[in-house]
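Order as written gives the chain letters A, B, C and D; numbering starts at 1 within each chain.
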Amino acid sequence: MVAKPAPASLIEYPVVESRPVGAYRLISFVAREIAATANPGQFLMVRQAGPSLDPLLPRPLGIHDIDSDLVRILIEPVGKGTYELSTLRVGDRLSVLGPLGNGFDLQGVGTALLVGGGIGVAPLALLARSLTASGRNVQCLLGFRTRSQAVSAELFRDYYVDVFTEDASVGTRGLVSEPLSACLSDNSGRRDEQAAEVFACGPDPMLREVARIAGDSGARAQVSAAAHMACGIGACQGCVVKTTSGYQRVCSEGPVFEADELIW
Amino acid sequence: MVAKPAPASLIEYPVVESRPVGAYRLISFVAREIAATANPGQFLMVRQAGPSLDPLLPRPLGIHDIDSDLVRILIEPVGKGTYELSTLRVGDRLSVLGPLGNGFDLQGVGTALLVGGGIGVAPLALLARSLTASGRNVQCLLGFRTRSQAVSAELFRDYYVDVFTEDASVGTRGLVSEPLSACLSDNSGRRDEQAAEVFACGPDPMLREVARIAGDSGARAQVSAAAHMACGIGACQGCVVKTTSGYQRVCSEGPVFEADELIW
Amino acid sequence: MVGVPEGLSTTLGPLTLKHPVINASGTFDALEADRIIAGDYISEFPFAAYIPKTVTLNPRVGNDPPRLYETAAGLLNSIGLANMGIEAFISRDLPQLKTLPVPLIVSIAGERTQDYGRCARLLDDIDEVAAIELNISCPNVELDGRALGCDPDRTMKAVSLAREATSKFLIAKLTPNVTDIVTLAAAAVEGGADCLSMINTVHGMALHPGTLKPVLGHVTGGLSGPAVKPVALRAVYMVSAALDVPVIGMGGATTAQDVLEFLAAGASAVAVGTANFRDPLIAGSMIQGLKKLMDERGLGSVEKLIGISHRP
Amino acid sequence: MVGVPEGLSTTLGPLTLKHPVINASGTFDALEADRIIAGDYISEFPFAAYIPKTVTLNPRVGNDPPRLYETAAGLLNSIGLANMGIEAFISRDLPQLKTLPVPLIVSIAGERTQDYGRCARLLDDIDEVAAIELNISCPNVELDGRALGCDPDRTMKAVSLAREATSKFLIAKLTPNVTDIVTLAAAAVEGGADCLSMINTVHGMALHPGTLKPVLGHVTGGLSGPAVKPVALRAVYMVSAALDVPVIGMGGATTAQDVLEFLAAGASAVAVGTANFRDPLIAGSMIQGLKKLMDERGLGSVEKLIGISHRP
């Protein structure tokens, strides 16, 4: 979607910061190359460096944020790979391949509605930073299941944020889809330069809703899709999602797709 | 060989000390039960606590030394299991089953010749401590391939020690077998209470030599044998060595055997 | 056996198990555990049934050492069915096992096909023996027993000889080292097996990292542990879909989640082998963990869980 | 390809390789690597030969996702031979691969037996194609291709159709999912294979930890990675002892030590698959590491290492 991404490299980095953010863990490392070249929405293949063969493969993680040379990732432990990564502490070593994939297209100028669900908020921080830097109006709608997940909303304190939780423990009760409809209601039919544009990352059901709502209002929506990966670099054909042009690899054609190209 | 050992238990312990000793690593943890009940020559089944399945199984390690509640192990990294254990630092957690197996029989009264080869010196420190405490005359003959292994002789500084290295980098050039012959030369034929007794742990070729020399001089020799283990508790039949009474399990009938019962 | 949570009971034909976790033959020795580990391993036995190591008609010393080698998330063994022989087992071990509070399943293997009948007959009138497992799948013996489990006709023959010799509940233990395990499973059932257990170990070998010669004295061995869990789950899934007998699943089960998965794939009980070596107290934590997982996810009972992966 | 240490060269029939490490089909894409990773993946290609992903006569979209799942020290996949078809491969990819400084081995699979002949014929007059690998062992297609590799007669037939169609060096890739791999290996050689490669993936499956339904869209898949290394080493050891053709070993090779072991077991070259996903630059470090290990242990040359585990 954007200009040909910068080449990826595989490098070991020591963790320089590791702290819990509610249910998630924020880990930082100094990676000048990645920091200088990564586009919002691109991802990294990350594993703990070392000889242990369990976990075997790196896991795809979005680039959460960049602060001069510091690259940040935000991890939700859901299985053995993410569990292990979330136990890493300062001084432990990461093996990182990236930046990878095609990030968000930032060429629009209208209001940017950033919709994040759960750990899907991870890549939105860098996105919000970039969009804001280029002078765009950024509004974040972040939805979570629980209070401990919603703690991560603090990572967006520099932006305009509305938080929603299913149990009403933080912010407004409910899903992000309703407020998104409201935000797009005055957009109806417009798809010109000034039109509001949606950028979304989260669980499949949320993305499907986002695609439907954006479709109904005619707004452009770019969504970051997820899939199990092995190589992360287009070699294994393993990470495909169904699109209007057949199976496409999340790691190579994605992870960001036009919402109306994905077939749910 | 000795009184029925105390029951073993499986417990997680944090590492409280971890330091290199030349090519080896010394790791300590506080384990009152083990400290109170273990006999010299008994072993522990040790792995890093946690869910990673590689390495999969604990490794047998001798109890190197005991200092009130502190239990010490000495590790030579030779493969993936010992490599991983030797990377553990203070605060990391060990899963430990033990004490296991039959240790050395300490009922004699004559001079004790402790013969260690390489990492085989590990269990001899606790043995030397016990023998000395019971008033026996202890003499250690420690052989190593290299200088960095021989650094571990410093762990025996409280005892009478002769060091031998194959490359003459430390102590006397050569194997421990020659000095052992010399020590036993005036023992010829005696196997009464006052006779010198050999306690050995090291690589198979060394143990075979020790058995031969002790046999020639009629001295009793107890040797700690090694084998790949899985269970450590007599269940799998995996750790057998050939003895005059057929295959015997190192973990259950051993690890300490009478030298003249082993068939090489 | 104290403190087994509710909702965990399961059945294997006439046997009722308090929970679905049993031991795999050759990997847990109740008498040794009781002797060595603190606690009472007989009257508070952690498994829901006990299967001692396979016995054969005559004693066997087993294969030349080394007999064990750890591989990536797996274990290679070539024990070679070292055992005291069925008569010594009956006279020496069985009396000590009588006080076990759980069903006793005796595993037998034949060095010749007819041994299956002879061994089964020796066990037939022993009340304490709740069931017999026919190990027709040990990769570590150079005898009939090895090829047997790879050949449908001979599998059927061995099982039917045992069937004729006993009315006890008969379990046939299958090898994964075949082109199509369902064919072998069907042959065992046709021979009269009431139940199928799977998998025995997967053929494999390792070289000594230094010498580059085969590390096992027997050259090749059997692979077990988490490495083979995908192979085992598939076997259970395929066989339980094709045949209508209870299945005992095993191969790499190490966590409560693994137990859940074997049940879902179609197993009525799950045997734990190599994981006992990682942690000899693992059975207890698996059972508590299983209950916790079931509660968290609103999975009512083990009985309802069995085979749910097949249902849409 | 700069800086390949000496003493590492090996041969596969008429092909000379600068070192023994090649890629396994379906696990490394030279064109994508060149596009995505910093560095020049064409003119400084790390492997000693290049095998692109298997192509079939007609394009295939592949299986329903999910297609991947990590298991203990292993990877399950059910890609289903997604590929653009042999004609598109010849017209689109081949021209770009012509500048590769290493031999190109094209992997083909048939949806029907006769496809092996037709695909081989299409490649026969293309100079850049140094050899053809017949994938008769993909577990992820519901077509002839699957059963084929498990049946000696059909294996022989498929190989001989390809043999008639081309004079190129012919490699048959074997599945481990059979009772006796040596029988299949012999059938392939009888059909005219010049070389055997093994192993393709091992049948397996996984359940989704949450839903307890099969996690792969295709339900079952093929297991690869370190978990299967013992299975692969045994296959190489048995086949290389029984037959007199060069063997390409693969299955879990991840370190230089693994390469050493496959060579010692009897392989003339070693293919790296899943390990590329762990580290796409792994080939380079394996080659440097191999040289280091050989020097440390005084192992003269790769040629002398091949098969040493069989010698006393």
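Criterion: contacts are C-beta pairs under 8 Å (C-beta built on N, C-alpha and C of every residue); 3 or more make two chains touch, one makes a residue touch a chain.
Note that the structure is predicted; figures quoted are calculated from it, not measured.
Interface comparison, A-D against B-D: more C-beta pairs in contact at A-D. Rounded to whole angstrom units, the spacing between the C-alpha centres of chain A and chain D is 35. Chain A and chain B have centres, each the mean of its CA atoms, that are 54 Å apart. Centres computed as Cα averages put chain B at a distance of 46 Å from chain D.
Contacts with at least two other chains are made by residues 72-74, 209, 225-226 of chain C. Touching two or more other chains at once are residues 51, 53-55, 80 of chain B.
Because contacts link each chain to all the remaining chains, their graph is best described as complete.
Interface residues of chain D, counted against chain B in their complex, comprise 72-73, 226.
Chain D contributes residues 26-29, 32-33, 35-39, 53, 61-62, 65-70, 72-75, 77, 79, 82, 209, 225-226, 254-255, 274, 276-281 to its touches with chain A in the complex.
By the touch criterion given at the top, residues 71-74, 76, 150, 177-180, 202-207, 209-210, 212-214, 220-221, 223, 225-231, 233-234, 237, 252, 257, 260-261, 264-265, 297, 305, 308-309 of chain C touch chain D in their complex. Those residues of chain A lying in contact with chain B across their complex are 51-55, 80, 83-84.
Within the complex, the chain A residues that touch chain D are 7-10, 47, 51, 53-58, 79-81, 95, 97, 100, 227-242, 246-247, 252.
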